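Structure record follows, encoded as structure tokens.
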Amino acid sequence: MMSIVFEDLHFAYPGSDPIFRGVNCEIHPGEFLLLTGSNGSGKSTFLRLLNGLLKPSRGNITVEGMNTRETATARLAAVIAVTFQHPSDQIFASTVRGEVRYGPKNLGRSNADTLAAQALDLFGLAQYADMHPYDLPASHRRLLTIASAVAMGTPFLAFDEPSVHLSQPERLLFLRALEALRPEKRTYLIVTHDVRFFRPLCTGEIVFQDGRVHRRSGGNARPA
Amino acid sequence: MAHSINDKLSILIFFLSIALAGPAEAALISVIVLLITRALAPPFRPLAQASRRRFLPVFLSLVLLACLMTIVNGLLLQEGEVFTVAGLSLYEGGIRFGVKTGARLLLIATSLLVFFGSVTIPHLASSLQHAGLPTQIVMTVLLTVYFLETIPERITRIFSAQEARGAPVRSRVDRRVRSFLSILAPLILSGIVESIERGTALTLRGYRAGTRLEFEGGGESRLSGVGKLFIVLSFFVFILAWVLP
Amino acid sequence: MGPSVVATDLTFRYFAASRPVFSAFRVNIPGGSRCAILGPAGAGKTTLLEILSGAAASHYKTAIADGRVTIGDKTHIPIPHEVLFPRVGLVLQDPSVQISGIRHTVRSEIEFTLENLGMGKDVRAAKVARILERFSLTHLADRHPYRLSGGEMQRVALASIVVAEPDLLLLDEPANALDERSRNELAGILRSISPATTIVFTDYTPEFALETADRFVLLDNSTTRFEGTRDEFLTALSTFSALLPTEGIV
Amino acid sequence: MWTTIRRQFDKEVEGAGLPFVAFCIALNLTSGQLAAALKIPLYLDSIGTVLTAVLCGPWSAIVAGSLSNILAAALGNPAMMFFIPVVAVIGAFSGLLARKGWFRSWYLVVPGGILQGLVAAVVSAPIAAFVFGGVMLSGTDVLVLYFRSVGNTLLESVFYQGISSDPVDKTVTYIIVYMLCRNLPLRLLQRFNGGNNVLTPAMLRSIHGS
């Protein structure tokens, strides 16, 4: 079962209105989905539910057969890599290479160095590999967090607003990298306002509205 | 709401001097006085919900500490008469010492709790500046309050980001220490970057070291001259009582 | 008319950096203009603003900083070594950092700038009231500056600099984190500032600049790729597609 | 006295220092909670003070330590008020060690941390003994009781307890601060008065060589 299944998902932060009221949906391998909806519709919460950082109030989420309720985030991380909005919340290594290698090392991947090198290459960061991440411009640091997620070698990748604050050269790099990753047939879940940017790659859209989600197929690409 | 902090500060000093130099009885009576004042006198009521909630647990743990101190000293300081309570043989000298230390500690802590509970940190900073503390240090206090409000949320965010990358936050102790670094390092790196930007932003708005900071009114003093004199005199009496054998 | 800004032979190199940010760089911004400095990340936009404001050389004492900067009729050789506020005001990229964190209302936050300049209480109150009005912040005057939306916070950060009436106003990527509505509000505010103030701002996309600027500079890799008027920029825009997103504009 | 402190403090926090000292104080007050969340059995509540000592200097570290404890008292832990002398000494001592270059290599950092632990134990023993009667309501009380039961005086017992636990805590703190500082990029390091406390001659040579 290489898919993510949501069954009657309910979720509310303690003391607040519910964010999800009965979400049923399935994410299939190889899909490239954009997660859209207005601010506060629960897109970022959705990502935190996916990798078990938050647990559903009711209902279940199953990632590759693992129920997120019973599985530790560190174990789910081996299947789904999630990056959040602020690069400064995760960058800690003294070199760009070390930062990218951290994820695969945590997962005990024996080819961590190769994975890191490939990801750096893919995102045009190989030339900065020995530099300190904070010596890069902020928008390269964003690219670095995406590369770190890609290097984890997980079948699922989820990004929160990855294209925000990227200037044109990094945007082009990012698109080219996603294009190059296509043969690997990974599944992408991308929270974004920038639908136009991802249009050429996406296979569908999940729209968040009033505690429920609607699936919409579309985009130019088709699942392989 | 404005009550003079300097008044409260003088009262705090008064109680601290009783604690450090007075007899155990005086200290215990003062604790009771403080508890009553806190309940009845508006200037000494806690300002924040948080300090109201915290008061009782902290106070009770202090009482517990004081009792423990008495028993421990009674057991170990083998002076004077011995009497047995519930199978424990306690020494009178030890009990005396324990009660004295316990009462002193209780008074010091209670008066500090009451003082800090009824004073906001910006007001405290304003009175510190008034008392002649360098404005740079007052500025530091105010900036700390800002960081204190933001750091816990940032730690939560970093925690989730690293956990999502497979950081072993629930593993063996040595691996947890390493995770501690992978959480502390982003916190400190981003803290340093933010500090630098804040420092730049302050100078870009014309802040110079030594600029006097302005505060809203510190409140009227309600202590009369006689009251202040009484506090100062009793302070010296207690100090003398302490210095003279 | 606001002061013109001319920088020549600009050299700037951070301590131990592998290459300089600028070497023999020059730029010329006419007085009273609204100048957009565009370019991708790492092109040197922020450093340029920091040099013009005096912050760069004064904060990086170990950097190599040389060249000549002329603002209006005053020339700095080498480049300004102290912050030129209040003559030159710089609003940093992240408004939440610009807000001091030591004040609890928008009003006293803006007033803090004037206190630093040593102004009397009555003058301050009048100036703050006027700026709150101009920036449509009056209804937020008693709110906590950190409990505002991104756009409102950006306006407070801007107001806390503009209240000191600088001749040269520098803004680092002011439109970058804003939604459509806040961007329009910001554009309106920039338009309302009289030409007695020269405005220079940076961005990595051209949309906001095309709405507000009359002068364009394109930086790439610390060199000027383009310098000219709005019409000239529009004509040349399609050739910059590797540096600026141009879809939907050209 | 204020004038001296003010002048030294101003010199040390020139540039980015002032908000950084504030950040470090907040760090002192929260890193203990972080250690507790990860169930690490150490206090680690002076990381901010030592970090200030290395990157700014001894005077700022004294200020950072003292303010940390005053604020900790204000936030509901009045006992911290009495340990201001201890944190002030920790700040001054680590600031001086940093100035002498003890934070440039790990083989000086470890003995530095042990020394710091001993110094802290010496200063805190009389306070713990006379103000608290040796009882702090923490796990280390057992040690104090043990030392007293084998016939030591109160002060001695508290001191022995101190030297058996403080050096470990301070050495770990020193190692953490050392690793954090080595991790800083030059561009940030050069904004601090104490940047040279971290740079090794080898690092400087490699920079100037390139």
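Note that the chains take the letters A, B, C and D in the order they are written out, and that residue 1 is the start of every chain.
Here is the rule we go by: a contact is a pair of C-beta atoms (placed from the backbone, for glycine too) under 8 Å apart; a residue touches a chain by one contact, two chains touch by 3 or more.
This is a predicted model, so every value here is computed, not measured.
**Q** Report the pair of chains linked by the most C-beta pairs in contact.
**A** B-D
**Q** By C-alpha centroids, what is the most central chain here?
**A** That would be chain D.
**Q** If you average the Cα atoms of subunit A and of subunit C to get two centres, how far apart are those centres in Å?
**A** 34
**Q** Distance-wise, how many Å sit between the C-alpha centres of subunit C and subunit D, to the nearest whole number?
**A** That pair's centroid distance is 40 Å.
**Q** CA centre of subunit B versus CA centre of subunit C: separation in Å?
**A** Centre-to-centre distance between subunit B and subunit C: 43 Å.
**Q** At which residue positions does subunit C touch at least two other chains?
**A** Touching at least two other chains: 59.
**Q** Residues of subunit B that touch two or more other chains: which are they?
**A** 139, 142-143, 146-147, 169, 181, 183, 185, 189, 193-194, 198-200, 202 - these are the residues of subunit B that touch more than one other chain.
**Q** Return the residues of subunit D touching two or more other chains; collapse runs of consecutive numbers into ranges.
**A** In subunit D, the residues touching two or more other chains are 15-16, 183-184, 186-188, 191.
**Q** Classify the chain contact graph as line, ring, star, complete or other.
**A** complete
**Q** Per the contact definition, I'd like the list of subunit A residues that touch subunit D in the complex.
**A** 92-94, 132, 134-135
**Q** Name, in rising order, each residue of subunit A that touches subunit C in their complex.
**A** 136-140, 165-172, 196
**Q** In the complex, go through subunit B and note every residue touching subunit C.
**A** Per the stated touch rule, the residues are 122, 139, 142-143, 145-147, 194, 197-208, 211, 213-214.
**Q** Which residues of subunit D touch subunit A in the complex?
**A** Touching subunit A from subunit D are residues 182-188.
**Q** Give every residue of subunit B touching subunit D within the complex, in rising order.
**A** So the residues of subunit B in touch with subunit D come to 50-51, 54, 58, 61, 64-65, 68-69, 72-73, 76-77, 97-98, 101-102, 104-105, 108-110, 112-113, 116, 119, 121, 124, 132-134, 136-137, 139-144, 146-148, 151-152, 155, 159, 169, 173, 176-177, 179-181, 183-185, 187-189, 191-196, 198-200, 202, 209-210.
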